[in-house]
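What follows is a set of structures for review.
Two complexes are shown next, each including subunit A; its partner changes from subunit B in the first to subunit C in the second.
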Partner chain A sequence: MSEPLDLSTLDSALRNALSRLIITLADSKRLMGIRYSDWTLGAPSIETGVSTASMAQDEWGHARLLYAMLKGLDIDPGPVEYDRSGAEFASIAPLDHERGDWAGLVALMALADGALSTMLRSFAVGRVELAQNRVPKMLAEEEYHASLGSAWYRRLAETEGEARDLLTSASEEMLPALLAWVGADDASARAMVDAGVIDPAEDRLAAFRNAVRDLVSLVGINVDAVHAATDWDEARGRTGGRPDEEACERARGDRNRALLVE
Partner chain B sequence: MKEFVYDVFTRKERGDRLQHVGYVDAFDDETAKIYAWTTYSEEKWFEMCVVKRTNVLPVNRTDGLFVEAQRTADV
Partner chain C sequence: MSGGRDLWSAPLDEPPEDRVQGTWNLLQEVLDPEIPISLPELGLIYGVAYENGVARIDLTFTATACPCMEFIREDITDRLELEHWIDSVELVEVWDPPWTSERITPEGRDKLKKLGVSA
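Let's turn to the complex of A and B:
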């Protein structure tokens, strides 16, 4: 593992790039948790519902750890977690809306959660010591999510009819935004690559494509032929759009604020 | 979608007896492991295993859950 970066000496461009990465990861984890929790009481079986509840807890735990990394950049995570408008959220686009069918959630589990793990793996072997220390445990927990996502993806892909069609359309919809995010190569991403924070864009993209290639081929998608979305928002580090307002309220815990005892 | 019963066994500490703590329904071994781990997560287990119920061979009984599982598997 490379020599850790001294976060107190980063120039403003690299500092902003690193905070953007951390916030995108943290926001995505929080939204991922919400999307899993949406299915806790509607999953195909009790066991699957329990698993989505467990994964929601994992994601919220990961989000909390990621937001806390901002302290290493002298950024107070409180306002970031609780005071931002939905338009400022940086979570990846496939998490913007509730998935109305189980196939959509399976695609999220296998592809969007997989993209998050690809980026976290890259972050964990980079030069940010906080990531070196905290991310490996997240990735160990994510192995369960990946296994469940992969098992369900294969299962639905083997069927004929509506479930397979829904899985295919959800995958086709998500992949361009995920490829744009994982393969981001703008000035901020390049600053992080140059500083050894994450791997080069082509390596991250190759890792993600390798992780999902066999799965998505089951529904007739060639991930190597899918183009990244072009509506990249450099400020937020994601493609266009924003999460729905209800999810943002839940992510911020707006309704719980009245219960907060200072 | 065909599902199977998997029995779940755990031990809390090294050297403890492996105990039967329950079961899950799953469509394959991989999902059974995940369902077991997430469903029976009330303890920090030293070890957890799942066994597909159809792989448990009854020795002295001609009725009960395991015999029933064998009968279902034969169908």
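Let's turn to the complex of A and C:
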């Protein structure tokens, strides 16, 4: 394990880059939980619905731990979690909208959740001690998501007709944004690489492509030939767009905030 | 109130000579809210320290989104603070090493087995 960074001595550029990474991961986990929970009722089987409920729970646990990491940078996670507008959310683009079909959720599970795990693996072996300590538990829980996502992806890919077509189009839609995010090589990402917080962009990209190459080839996609999206937003650490307002209200817990009892 | 309080005894008449071991003993009375084995038996307690009336407990949870987190925190705090030699409890949430079922003690496994639960 790498020598931990002293977070209290980071220069402002690295501090901002690290907070951007943490917020992107945390926001994505929170939105991923919402997207899973949308299918708790209505999944193809009761068992699968229970699985989405369990995965939603995991994702919200991961979000909780990630937001709390901001304290290490002297950032109060409360306003970040509860007071930001949808335009300020930094979750990855494939989570912006509810998936209207099961194939879309399977693509999210296998590809978007997989991209998050790729970044978390890189973060876990870097020099941020909070990540070294917390992320391995998240990744252990993610193993089940990856197994289920892979199994469903293969099952749908082997069909002929609508299910396979929907899986293909969802995968084609998601991959450019995911490649842009995992392979980000802007000044913030490079600052983190130079400081040993995460692996170099080419290593992260290779890890992600290796993780999904065989799966997406089942629907005729060559991940090595897919180009990253070009609408990168360096300030937010994601590609363009924003999550829908309803998801943001749910992520913040707006409706029941008055009932929160500490 | 959770099932974590089912085995609580009355406060000790005298403080234990070894406050750390005494604290561990008290934690043996705090059960997981969902299954009737203690938190140490479940392997959730990673460390105990005691100094000047403050008991510090390093604990983890079986999952990052364990729905019983608040119950467990309250049960630990309330049980320990029953003792007149413990003024306050400091709970430190730790995730390293990650909890797995391998951390369940042999005693915990025996109890679970009697309940028909394999671990």
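Keep in mind that, in the parts below, the second predicted complex is superposed on the first by the 260 of 262 C-alpha atoms of A that agree within 3 Å, B and C clash if a C-alpha of one lies under 4 Å from a C-alpha of the other, contacts with A are read in each partner's own complex, and residues count from 1 in each chain.
Simple rule for what comes next: a contact is a pair of C-beta atoms (placed from the backbone, for glycine too) under 8 Å apart; a residue touches a chain by one contact, two chains touch by 3 or more.
Only a predicted model underlies this, so the values are computations on that prediction, with no experimental measurement involved.
Chemist: What is the contact status of A:Gly61 with respect to subunit B (first) and subunit C (second): first, second, both, or neither?
Modeler: Only subunit C; A:Gly61 stays clear of subunit B.
Chemist: According to the stated criteria, A:Thr48 is in contact with first (subunit B), second (subunit C), both, or neither; which is it?
Modeler: first
Chemist: Is A:Arg155 touching anything from subunit B or subunit C once the two structures are fitted on A? First, second, both or neither.
Modeler: In the superposed model, A:Arg155 contacts subunit B only, not subunit C.
Chemist: Looking at A:Tyr144 after the superposition, I want to know if it touches subunit B, subunit C, both of them or none. Which is it: first, second, both, neither?
Modeler: First partner only.
Chemist: Overlap the subunit B and subunit C contact sets on subunit A and report the shared residues.
Modeler: Comparing the two interfaces on subunit A, one with subunit B and one with subunit C, no residues are shared.
Chemist: Within their complex, state which residues of subunit B touch subunit A.
Modeler: 1, 3, 24-28, 30-31, 33-35, 37-39, 41
Chemist: With touch defined as at the start, can you tell me which subunit A residues reach subunit B in the complex?
Modeler: Listed in rising order, the residues of subunit A that touch subunit B are 44-45, 47-48, 50-51, 53-55, 144, 147-148, 150-152, 155, 159.
Chemist: Provide the residue numbers of subunit A that touch subunit C in the complex, in ascending order.
Modeler: The contact residues of subunit A facing subunit C are 57-62, 64-65, 132-134, 136-138, 140-141.
Chemist: So in the complex, which bits of subunit C are touching subunit A?
Modeler: Subunit C reaches subunit A through residues 63-67, 94-100.
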